[in-house]
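One structure below.
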Amino acid sequence: MSAGDDGDAVRAFAGFRERMNARILAEPNQVVRRFFALDTQAYQAGVLDVATKELLGLVASLVLRCDDCISYHVARCREAGVGRDAMFEAFSVGLVVGGSIVIPHLRRAVDFLDQLEAGAPPPPEHAHGCAPGVAPGPGRRRPATVAGAGPGRPGARRWTAASAPGDGSGGAHLA
Amino acid sequence: MSAGDDGDAVRAFAGFRERMNARILAEPNQVVRRFFALDTQAYQAGVLDVATKELLGLVASLVLRCDDCISYHVARCREAGVGRDAMFEAFSVGLVVGGSIVIPHLRRAVDFLDQLEAGAPPPPEHAHGCAPGVAPGPGRRRPATVAGAGPGRPGARRWTAASAPGDGSGGAHLA
Amino acid sequence: MSAGDDGDAVRAFAGFRERMNARILAEPNQVVRRFFALDTQAYQAGVLDVATKELLGLVASLVLRCDDCISYHVARCREAGVGRDAMFEAFSVGLVVGGSIVIPHLRRAVDFLDQLEAGAPPPPEHAHGCAPGVAPGPGRRRPATVAGAGPGRPGARRWTAASAPGDGSGGAHLA
Amino acid sequence: MSAGDDGDAVRAFAGFRERMNARILAEPNQVVRRFFALDTQAYQAGVLDVATKELLGLVASLVLRCDDCISYHVARCREAGVGRDAMFEAFSVGLVVGGSIVIPHLRRAVDFLDQLEAGAPPPPEHAHGCAPGVAPGPGRRRPATVAGAGPGRPGARRWTAASAPGDGSGGAHLA
Amino acid sequence: MSAGDDGDAVRAFAGFRERMNARILAEPNQVVRRFFALDTQAYQAGVLDVATKELLGLVASLVLRCDDCISYHVARCREAGVGRDAMFEAFSVGLVVGGSIVIPHLRRAVDFLDQLEAGAPPPPEHAHGCAPGVAPGPGRRRPATVAGAGPGRPGARRWTAASAPGDGSGGAHLA
Amino acid sequence: MSAGDDGDAVRAFAGFRERMNARILAEPNQVVRRFFALDTQAYQAGVLDVATKELLGLVASLVLRCDDCISYHVARCREAGVGRDAMFEAFSVGLVVGGSIVIPHLRRAVDFLDQLEAGAPPPPEHAHGCAPGVAPGPGRRRPATVAGAGPGRPGARRWTAASAPGDGSGGAHLA
């Protein structure tokens, strides 16, 4: 598979996700719409920053073995500044907790990460549940710090140094 | 249930875990023994610190709905300095990813956390898979920073400030 | 185990659930609180009535194998007028979809149903996530129709005939 | 993806399912054959009508996150007269019970439902486990009532009005 | 916990299982009854002997993390002549496939095995749920062999040597 | 789909698996690498032979519903001499334990088995992920017997007869 094809696959998938989210949110079902809003809210910076929350979402998706969710959180983690070695440490926790049944999903996660690092466009933020026409706040995409980009020593400063308040909020909301 | 009873329950559970781990590791099955060692290794500080890895283990356990694993990681998180509000943010991610089926486990997790905060002894470290007689290294129990103990503002400094190299190793090993 | 003991166990469990829900909802975590409110909202009468929605919750809980959730929905189904034979038909769908791994949970579900039929008090409504002090609306506990209480012929009248508007709303809300 | 392509995909999938079911049932394994027969029997009208049972199967499939099973039950629900808004209420229960990990499957479910409403042929009945050459009984495909097609008031008459005995049996059997 | 208490717990559990199976099978639900019969049939000797099938059931129960099912198959494996080291090899496959989330169940499985080896009575065969009146065919009870009872060398002859007639039959029924 | 296309699909999948395993093992993450090594070790002959262990892996994969893992173990089982009828008996245990949700995976498993029997090349051994440089010990490769290749009578000799030396070793490594 060529890199170009990969990029196409990533784009096709993102397109499908965006189109179906719009379909679902257009439906007059308040429980579904509120759930999507809550899903967005859960990843906004709080006491834990966005990078940590996205890592939590990534490992949860890994042990529950959902490829779409894994890809989504890999992209979000990367935007929040999580480096490749930090990502692999999260993978290793998911692998040990979830067992070898996780391995096929790990393969696809690493393939997706490789594509992102090779320049494929990430899925739009909040593909999980963002309503069409919601405008993200300023600065929302600016990456936080780059975890794992350093020498990788235990105890090294991470995640938070460069995070401005409101940065990486994970956050356009439905309402 | 009185607080005294609760402490007794925590102790009884910790005793069972320790006794059975010893039984299992005494068995001449190398795959099982290596798995237990790997389980310990996965939570040692790397690019990600111990608190973050324990939070990953906590959310993974929550969405997979294993009470024993949840209790274990709640205790480890607390020892690594994760505060109550940070713990609840991790709970909220697990709840949204895993759904209402997680709620009964969340109740028991909060009950266990309440007991720990009321002074019940935590389970011994590495109850997952540590061989009997392994001596933890110096400083292993010293909490890192206290996430969520501060004012809880987004972007506040967290996890890492006080982490000395080797701290929070998660770590006595089998070999 | 005597019937009296069973009733005690049901009451002790209900007490724990209520106490922990109050603990959780007292926590200043908006995502968790909203999730609990959404959980309540999902079972309110809409195009589908309460009995049908509770049966959906019951089968979902059965295949995901959560005893607390199963007990909760068994009690709610019964209050919504679902009869024993209708309950068993729902059990049979859960058993076929979920496999023999469901059987131990089915045993406990039937035991719990037996206790309810013998007069043990059901858990308080909305034990999943209702804030303390919420007053249920009038008529909320009145059973709808009694499904499966008749001769059990296919196509027999069921669920809805006696449902008054607002009946079985499943519904005290958090806000 | 054009509508024509979608129809092709639905047809290709149905063809694969039918072909493999025939392969499996041709095998001299009595347990497997009996399981397939039991799977068919579980959805036949009893105290609960076919529409309700198919909704139970749909929500069970949703929380267990099996796309093929979800598509199958969406088609069966639609044939049993379940309307789009009733389907979304079932989706909302599945989403709340199963969590955000269900969302990617929900997207595909809604896409499949859209295709069916646009005129794509549904999969053959009993694709789960029916042997080829089994003749459905008379009246089996006649839809029951149309849930959710009405004004959507709680307590409105639903599911059962038009169900003749033996209607919606879900039911050709293997033996 | 003393050995006597352990034996009591095993007996209490077996009593509950037997009592509830009888309750469930007394119910006029043909799907449930047939499922229980099929569950019994699946473990009868065929091309694969009973010991192998019980090991399959054991590992399936382990990765799906059902304590009751695990205990049941541990007891059945033991009756079919599976030795402790063979049991641990099966545990190790389940542990690697299913991950560390399996560990708490492994502890309880080993505890249960210890109790059986110390002389606690096993649960009655087919506690899962055999339909009343099913007569096993001739030859079905012929024992396989004793796995892991020999010197434990790789490739050594297995399963069959020490099994007494009637052992590991997979076959006593409830009625 | 033509047989040629099927073979292509099998080859494409095997290629992807091999490529991604190499990517993953090239990463400097010791936990992940050790996990892959342990995954290989778990299926090596011990008290249980390779065929039995691969059947355990197959049923575990079936009830956890991972198509890639199922295909992998189907191929390994076949190489270890497990016949089609023995494979179906394992399928039947997985189906009964795991329920109808397993059926779509069973269809794909049988399709994959059909392709293998029609001459499609199996995936390379240990595609799961063996660490480079691991040398299998002597005697570890000695074949077991051919399950299901005989007349299929209960209690018949099994697993070992037709296996050629080196067959079903559980053992070729990536490097």
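To keep things simple, chains are lettered A, B, C, D, E and F as they appear, and every chain counts its residues starting from 1.
In this text, a contact is a pair of C-beta atoms (placed from the backbone, for glycine too) under 8 Å apart; a residue touches a chain by one contact, two chains touch by 3 or more.
If you're wondering where the values come from, they're calculated on a predicted model, not measured in any experiment.
Common partners of chain C and chain F, by the touch rule above, are A, B, D, E.
Common neighbours of chain A and chain B under the contact rule above are C, D, E, F.
Over half of the residue numbers at the chain D-chain E interface are used by both copies of the sequence. In this assembly, the chain whose C-alpha centre lies farthest from chain C is F. When each chain is reduced to the average of its Cα atoms, E sits farthest from chain A. Annotation: 33 Å between the Cα-based centres of chain B and chain E. Centroids built from CA atoms put chain F at 35 Å from chain B.
Between chain A and chain E, the centres computed from C-alpha atoms are 43 Å apart. Within chain B, the positions touching two or more other chains are listed as 31, 35, 38-39, 42, 60-61, 63-64, 69, 85, 89, 92, 95-98, 100-101.
Shown here, the protein chains touch in all possible pairs. Across the complex, chain D is touched by residues 63, 95-102 of chain B. Taken in their complex, chain E has these residues touching chain B: 65, 84-85, 88-89, 91-92, 95-96, 100-101, 103-104, 106-108, 110-111, 114.
Chain A contributes residues 30-31, 34-35, 38, 41-42 to its touches with chain C in the complex. Of all the residues in chain C, the ones that touch chain B in their complex are 16-17, 20-21, 23-24, 27-29, 31-32, 35-36, 39, 60-61, 64, 66, 68-69, 128-129. Listing the residues of chain E that touch chain F in their complex gives 38-39, 42-49, 52-53, 55-57, 59-64, 69, 83, 85-86, 89-90, 92-94, 96-98, 139-140, 142-144, 147-148, 150, 152, 154-156, 158.
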